[in-house]
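Presented sequentially are two complexes of chain A, the first with chain B as partner and the second with chain C.
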Partner chain A sequence: MPKMPWHPASGTGIVTAENAKKVIRLARYGCTNRPFFHIVVMESFKEVRAPPIEQVGTFDEVVNERNEKLVSLNFERIQYWIANGAQMSKPVAELLGLSGFFPIHPRSYMLAWRNRQAADAEAAAAAAAAATAESAKQETEAKDS
Partner chain B sequence: MHVWTLYAFLRVKAYCTGKLGKMACTGIRVARVLKNNTFFSNLSGLLLNPSRNTAVLIKYRVFSSRPSETENDRDPAPLFFNKEVQDLLKTLTKVDLKRVYRHRKDGEKLEPPVYKFMTDDDLEAALNEAKAKADLRLQMPPVVKKINDTPNILSNDHALQKHDTAKFVFTDITYGISNVDRFIVVRDPDGILRSADARERHRMNQIYFPLEGREVDAPKLFQEEYLMDLLEREEYEFILDLACVQFEPNDPEYHRVTETVYSYVNNMKHFNYLRSTRHFGPLAFHLAWKGNIDNLILENIQTSRLDDAVLLIQLYHKIHPTAKSAETKFEGDELKFIQSFVDNDSNNRNTLDLAIKSYVNLENAKLEVNEGIKRAHGSD
Partner chain C sequence: MLRNTLLAGSSAANGSFGILSGLPNTVCVQCVRWKRKPLWLGTAKSKLFRIPERPKIPKDETIELLRLHNNYRTLVRSIRHHITEAVIGSQARVDTELRAKQEEEDFVRCVALNNEWNESKAKARDERLAKAREVRREEILRKIIAQEQLAAKQLENIEKTVKRVKEEAITFITEKNIDQAIEDALNNPVDHNWALDLEGTIHRGKYVQPQANEGQRQKRMQPGV
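Moving on, here comes the complex of A and B:
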């Protein structure tokens, strides 16, 4: 049984510092080796696992058996908090970008570009390895004959 | 595609010049005028009048084994929710309070019965209350078209290709939005942002807003091999009830399961298993929709339910207003009305004719016996 927080998952609704900067961010509420994130609104100076003002969504980054990562977002409340001047952490901004709510975050483009580069490099390396293996085989065949 | 058949060679002024559009299937079946060489190549020899090389008039569905009114593109919902059709279906269900309120093995705790002394008025009030409750219990699951499951592509960002190896499924969990209206979108690994398809929507709705009794993955009993086993054990009501809980009525899976059960019940003539349950209306509607009510009519005649047979034929006429027997109206003579259907629209005419004959013979024999009894008692 994971250690459960004492506050309700939906958030406390208590704003302790009225003028403090609010931030919408991921808070890790999974257990060991099983990350699961709540998307919460809280004052930015607070600890991540402190009781949040409000929970506005969840993010399950572990892929399910259908190769999906599940995100739920309460867009109505997210709009409300953005209108009230809440900031956004980068991972949340990326998620909102992928969902089509925000413009795509530059980090998503960077990640995609790097993944493509890596895939291309891997493909090129595999092709080169195959070519060398082929030539080596031909050489041995030529020697045998 | 409709079966296009040749009706007559007629010289008509050709007004149809281009493509063969989708045809409205209402009213008279005189269909379409085709200009030279504008129709299907495999039928052109048939359709062209060779002697005059002119257009021909087409009447469709004449030799079709299945009327086009039951094609997949027609939506049964407006007909099913039509008030007259609903009344017909409710009457066909034949509410039997004993059957509606029987004990069912669905895990509900049994209460011991309460016996009361009542005046006639109290009894009538209690009965009326029970009838109103039975009406709620017998509310029919809707018969609607299968959902059109083509995902709507919202954005296609090539620069996002390979941003991740997995799909991202985003669900809007804003309070107070119905499952049907909820925004659910998917970002594929190739950068396409699209609306979720029906299966994904069903899964996400069940994950974030679970309904009691429904599961994220459909139970295995709906798979073909297990379903046949249940059908052989005659658990029709159980399957249909569970299908109502598990699937939305526009789900293709719901259509598959219910159609399997209905056709099995129809083949085995086990209509009594579903009578006085909420599934009899949809069953009758389905059979009438498919133009396959012969077995039900046969059962009705064999069990002396002529009024039911008449209602069923009237339902058939509502769904197929172009049927040949639709011109005959019911004027009090049940056998005559049924006979006109059997003569014109039945797929299984011989059997039904025999059934009607044996019914008439049986009625005559009953009359004779009654008269004989009366004579024996000396009441004549």
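Moving on, here comes the complex of A and C:
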């Protein structure tokens, strides 16, 4: 049984500090070894598990059987909060970029090209290993003959 | 964050008492801070000159990232402006002049309606009150007539009574004829000492007159005899 919050996770609607900076960010609501995030609007000084003003989406970091990470976003409320001057955390900005609401975040591009580079390097290494193995085989065959 | 481990003294288990302790069991209390060194111990000797390796980002990648970030920030700022304007534009605004005009019109309409209602109500009220007044007048008249009739009847009754009494007054005993009345009474004694049977027959003179044994009765009634 996960540790349940004492407040409604969908948001209390209570703005305790009217002039404080509001931020749209992730709040971890999963269990041990099973992360699950709510996308919430909160005052920036609040703790992660403090009662949020409003929940505007969810993010399931763990891939499902079809290799998907599920995200839900309430764009109307996100627009409302952005118009009211709410800032955004980096992970949320990345999710919004991937969902097409915002431009793609530079971090997403960076991650993509680094993954590509790693894949290329791995492929090159594999090809080199295969070539060396082939040459060694040919050498042994020549020696035998 | 402190976990206390209580280690029971082994003196009691060994069957011998501690030298200094007056108690059979001494308790050794040790504080274990999550199996880690205390905070005040500082960096370990082996780790003292370890320098974490800085991430090496190629020059072209740095330039590219900077460009992307600049673009991203510009775009996001413009999108933010757009969203803000859209949200503000979609909010319902109050036209104060139109609102005041509408309120004025509404007030005039309300006043007219109120006057109309007042007139109709006043008309109905007048009618109702006139009817009530008529009913009340009739009621009062009826009561007055009834009262007069009652008074006349009472007067008649009184006159009748007076007439009867005047007729009877001839037989009254007055100061003038009292002696005559006494005399008549003494001369004509009436004997009420009679009996009545079931048929209603009066039996007179069957029993002894009271005055015949009056002396005996008085004698019997005397106290102390």
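The definition used in the following text is that the second predicted complex is superposed on the first by the 145 of 145 C-alpha atoms of A that agree within 3 Å, B and C clash if a C-alpha of one lies under 4 Å from a C-alpha of the other, contacts with A are read in each partner's own complex, and residues count from 1 in each chain.
Following the convention adopted for this analysis, a contact is a pair of C-beta atoms (placed from the backbone, for glycine too) under 8 Å apart; a residue touches a chain by one contact, two chains touch by 3 or more.
Just so we're clear, the structure is a prediction, and the values are computed from it rather than from any experiment.
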Chain A as common anchor, with chain B and chain C clashing or fitting: fit
Partner chain(s) touched by A:99 [first = chain B, second = chain C, both, neither]: first
Vertex chain A, arms to chain B and chain C (CA centres, degrees, nearest 10): 80
Touching partner for A:72 - first (chain B), second (chain C), both, neither: first
Which superposed partner A:57 touches (first chain B, second chain C, both, neither): first
Chain B versus chain C as contact partner of A:83, first or second or both or neither: second
Touched partner set for A:22, first chain B, second chain C, both or neither: neither
Partner chain(s) touched by A:119 [first = chain B, second = chain C, both, neither]: first
Touching partner for A:109 - first (chain B), second (chain C), both, neither: both
Partner with the higher number of touched chain A residues, chain C or chain B: B
Contacts of A:38 with chain B and chain C, given as first, second, both or neither: neither
Minimal inter-chain CA distance - chain C and chain B, angstrom: 12
Residues of chain A at both interfaces, chain B in one complex, chain C in the other: 104, 109
Chain C contact footprint on chain A (complex, rising order): 79-80, 82-83, 93, 102-106, 109-110
In the complex, chain C residues that touch chain A: 61, 65, 68-69, 71-72, 75-76, 79-80, 83-84, 86-88
Footprint of chain A on chain B - complex, ascending: 154-155, 157, 159-175, 183, 185-187, 191, 193, 204, 207-208
Residue ranges of chain A in contact with chain B within the complex: 57, 63, 66-77, 95, 98-100, 104, 108-109, 111-113, 115-116, 119
